[in-house]
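So that you can tell them apart, the chains are marked A, B, C and D in the order they are listed, and the count of residues begins at 1 in each.
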Amino acid sequence: MSLLLLIEQVLNGLQFGVMLFLMAAGLTLIFGVMGLINLAHGSLYMVGAFAAAAVAGFTGSFVLALIAALAAAAAAGALIELLVIRRLYDRDHLDQVLATFALILIFSEGTRYIFGSFPLFLDIPAALSGPILLPGGIYYPLYRLVIIGAGLLVAAGLFLLIARTRIGVQIRAGEADREMIAALGVDISKLYTLVFALGAALAGLAGALVGAIQSVQVGMGEPVLILAFVVIVIGGIGSIKGALVGSILVGLTDTLGGVLLPPLFATFMEPSSANAVGSAVASMAIYILMAGVLLFKPSGLFGGT
Amino acid sequence: MKLKSLIAAASIAALSAGMAYADAHGGKVKVGMITTLSGGGAGLGIDVRDGFMLAAKGNENLELVIEDDQRKPDIAVQLADKLIQSEKVDVLTGIIWSNLAMAVVPAATAQGKFYLSPNAGPSALAGKGCSPLYFNVAWQNDAFNEAAGSWASENDIKKVFLMAPNYPAGQDMIAGFKRTYTGEVVEEVYTKLGQTDYAAEIAQMRASDADTVYFFLPGGMGISFMKQYAGSGVDKNVMGPAFSFDQGILGAIGDAALGVKNTSHWSKDLDNEANVKFVADFQAEFGRLPSLYAAQGYDTALLLQSAMGKADVKDAAAFQAAMEEADFASVRGDFSFAPNHHPIQDIYMREVVKEGDVVTNKVIGVAASAHQDVYGADCKM
Amino acid sequence: MTEPLLKLSDLKKSFGALKATDDVSLTLLPGEIHALIGPNGAGKSTLIKQIAGGLRSNSGTVEFAGRDVTPLGTVARARAGLGRTFQISSLAMEYTVLQNAVLGALGHDGGVMRFFRPVMKNRPLVDRAMAALVRVGLQDQAAKRTADLSHGQRRLLEVAVALTLEPKVLLMDEPMAGLGASGSKRLTGFLDDLRTQAPILLVEHDMDAVFALADRISVLVYGRVIATGTADEIRRDPTVREAYLGAEDAA
Amino acid sequence: MARETLLNIVLFALLPVTALAAFMLDEPFVITLVTKAAILALAGVGLNIALGLGGLVSFGHAAFFGLGGYAMGVLASHAQSYTPIMESPFLIEGTKSMLVIWGVAIVTGGLAALAIGALSLRTTGVYFIMITLAFGQMLYYFAISWPAYGGEDGLSIYIRNEFPGLNTLDPIQFFAIAFGVLAIVLFIASRLAKSPFGLALSAARQNAERVETVGITPFRLRLVAFVISGAITALAGALFADLNRFVSPTMFSWHTSGEIMVFVILGGVGRLFGPVAGAALYILLEHVLGGLSDFWHIYLGLLLLLVVLFARGGLIGTLAGREVAHD
């Protein structure tokens, strides 16, 4: 394999990782502040993608579609926080898993009820389509570079938000000690709704950005959700930094594993079965990575003790 | 628009419920349809159902019970048990997916029920596992790919890059293509089932010296790949079996699919009387363009009704003989059954074009005429 | 001279910059009650955890019955005969009082990997558990859910569970807390008898009890033992008076 | 206590009574449904040992369910095609005997649970939930992409496996087998809960520090519980495969793990008969709601949400009131 191709694959892994970060950041934030496992996070991703597709269909504007995705996902997030999620903060993880599993069922079938069973159309804007030539002679899709840029921007924004703003102070206080934050006179339920909506908006943004290059369909959030969980478990639940590192790790492992493992197996097996075995191992690679990390660091790379 | 079509579907469903509970059953045929109506992939099942009901509309001798398998094999098996044991149906049909068919068909035929496949044609059921009671009205899994392979060989396509998900149907499809293709296979890539991002594979395509990419990626996987491929600037030709370029899917891919060649046994622009009527009726009834699944559902009902006119379903041998005649006007043109009860039919090459605002398929030639699968030799019945 | 049953040598534990345990050495002799006193935050509970095995020391050793148990965890130290009661009751709250005591007897027995015979029908176990409850006076509460006990009763149950282990040494972290005057008095009398069975390292705030019971007293301030001696010696020790008891006297 | 016992008896009797009634009325499909409920209840009973007794929220029990299924699939498919599973170093043949298949399923499930548990139990809380999920997913992808036993297509077994003295293809007789297994396992589970092991395991869930202090290692208790739990769920998987005469990777999917968990929760966590109530209710809902609407998952979701939010203790908890301490 040529070096150029390898670099391109690393870029692909990076882009996949950045997209995962948008999902994982919200999940980990919600867990860090409220101690909640939210399986329905993938549904918010789907809501974002469908809202974007619907608005893009009406207006033809990708920018409006993105705004709609953010708004719809944040609204959906705030709504379920108010109706359901806030009753779960004091419950054990089992109840949280089940209640949010129930929300997945409701969201998925509800979306199918509204939008039908066929995938929706959402395309990238003409200005961002096509490849550009990177230094070194790599042609790379512009839109994917934009995703990498947008993701890193969001990451930077999140770090600033948490390090520099009043809300950030409250979030950090909430992570450290939930009783303390109430003592600080912060309206805790408002803060929770806000954080939840923020996490939901990030998921919605990811759904819209990715929906443009993938398929906008019911159930699209579930594979991503599982990957996002793998990410935050690897990174350490509650840690934004862990989510970033974990996303990049998972993105690279998944992409490079799929590319490199089959030829690797071919060096000592006959080609046809090497391909099958290599692909099989590649599809398990990130789970093997996660199990490996947890064996050595049972609370993830950046998790507390 | 989507909402409207849904309401139409709902009203048809209500109609079918009425049909299901129509009284007596003597001399009539009771059909159990197991198909995917909820969850992922429901679009395909809905089309098969709608196509079938369109062709069966008004036939009071045909009683239809519809069940939703949720695309889960275990549910499908239980529904088959229910339809056979409780509803006492004579004929089963409707299954979309190969793996569900493998779960249901052998057991159903073992219990003496006819099964008509409106989609899915796993090789096991065409060869060693064939049955006198099993009729495939769609295609054997390899058919479109074998046709594509010979078309590619004849049309000066020298180097191909092959891609499919890593599961049996995917491996079958690629094997089918390679069976008839005489050029060079540059690379063969198997992706994860359900994969949504193909950046890595597209990079490999860019780096390879293939002139054509041939892929099989059903459902959302194909949509994702085509959108990403179009944005990548890789300008190799793209080919595939029809499943990734069906009407329901083209709407989601949009212009990115334009120019793609795909093989199919049916296209909505096929110029035969039956097809013109079918396309017009379907649009009038449901307000959307029919898909190839709808066409298969429609043909399935036509075949069944042709046999009902000739024999009583209680007389299995006579009914089987009547079915083997395939005496109906298929929307695909000429249609007959090979000895293994799989179709002998023309496979067309289509190209994705834009008609006005609608992205759709147009037939550009015949890829394989009177195509028949290779597994029939193993079928002893 | 008798060998100490429990011997701590130069134990250290720090959390970041905070030295919670700073070079602590002390011994527990057969038949004695050795009280550990000190102001809040002096590191008494941390030290108890280090002795019981729940918290690893940075350095130093813990010897128990002549054997170095420093590398062992809680379970192994418990099995070696180190009984313990907690400052904040640590019991299986859904269980009955008797079940908690049976759990202790079961732990002592070691037959936990038995899967079929109902444990509450195992006469010898239940009898031993009941005997322990009788000794602390909880026999009438045996069928009550532990969650429904008062705080004082839970402290007694802790002691009873520790007794079912037939320990060689008892570590008790504030057993008197929440008992009330009469309860304390009763428990004081009970511990007085208990010392012949197993010596006790007693952390306690109730100074009446400490001075009534302790053969020796160690005073812990900021993680260091500033004095060890008999009750009289400690009372008279000027550093102790200054650092700690002064406040008590004034009160 | 008496109320829950009474309820349990009624619930337990409900299965055979429904099956017999269906037999009299010649409704074989209803028997099949009741059989399915009994088998899924069995899977739930398995999970409940880890979840209810041990407090181990395993989101990966589909792994064991699927392994049990594939134990049946692999053995029976080899017997069906008269090809040995392996010839060297020694010959292993396929089999159509249910009893042998069950044995293999139990051992396979138990060994897998030993390996997965030994690794996963090093973590706690959310990490445990997620690492068990990861192991389930690993097996899922493995099953899909491993071509030898059908991959995504799964394996069809045309004739149900054999049980001495019974015709397993007759729905009512197969129900009797499934119900018999469920009854035996329920009995074992009830003894287990009251055994020394059960006492210590449940104590470790309530307060691990307490258990350590009396000289018992919680890790070992949990690992053994996980192994027993996995073995029972694998047994259920083998029966489920026999019910359908079919196995596929779907049995490994995380939805399956979620569903088994739903049975346990719907019925009541930690209640002996909780999974029985939960599985029966689930099957009932699937067929009542599924008949009413293509979108029945919405109603299932709403119901589940209501149970989690307002009816803690599940169906049995709601009907029987607060759990009384085991005596």
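By definition in this document, a residue touches a chain if its C-beta (ideal position, glycine included) is under 8 Å from a C-beta of that chain, and two chains touch if they have at least 3 such contacts.
Remember, it's a predicted structure, so these values are computed and weren't measured experimentally.
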Contacts shared by chain C with chain D include exactly none
Compare the CA centroid of chain B with every other chain's and tell me the farthest one. C
With chain centres defined as C-alpha means, what is the inter-centre distance between chain A and chain B in Å? 35
So, what's the distance in Å between the C-alpha centres of chain C and chain A? 50
Centre-to-centre distance between chain C and chain B (centres being mean Cα positions), rounded to whole Å: 75
Distance from chain D to chain A - Cα centre to Cα centre, in angstrom: 32
Can you tell me which residues of chain A touch two or more of the remaining chains? 108-109, 112-113, 276, 279-280, 283
So which bits of chain D are touching at least two other chains? 141, 144-145, 147, 295-297
Mind pulling the chain C residues that touch 2 or more other chains? none
If each chain is a dot and touching chains are joined, what shape do you get: line, ring, star, complete or other? other
Could you run through all the chain pairs that touch each other? A-B, A-D, B-D, C-D
Using the touch definition up top, name the residues of chain B that touch chain A in the complex. 2-3, 5-6, 38-40, 42-43, 46, 166, 188-192, 194, 196-197, 199-200, 203-204, 206-207, 219-221, 223-224, 227-228, 230-233, 248-249, 251-256
Give the list of chain A residues in touch with chain D in this complex. 31, 37, 84, 87-88, 93-95, 97-99, 101-106, 108-110, 112-113, 226, 229-230, 233, 237, 276, 279-280, 283-284, 287-288, 290-291, 294-295, 298-300, 303
If we count contacts the way the header does, which residues on chain D are in touch with chain A in the complex? 51, 57, 59, 119, 122-127, 129-131, 133-135, 137-138, 141-142, 144-147, 254, 258, 261-262, 265, 269, 295-298, 300-305, 308-309, 312
The residues of chain C that touch chain D in their complex are 52, 54, 73-75, 78-79, 84, 86, 90-96, 99-100, 102-104, 106-108, 110-120, 122, 143, 145, 161, 164-165
Of all residues in chain A, which touch chain B in the complex? 1-2, 4-5, 8-9, 12-13, 15-16, 108-109, 112-121, 123-124, 129-131, 139, 141-144, 210, 212-220, 223-224, 255-256, 258-259, 262, 275-276, 279-280, 282-283
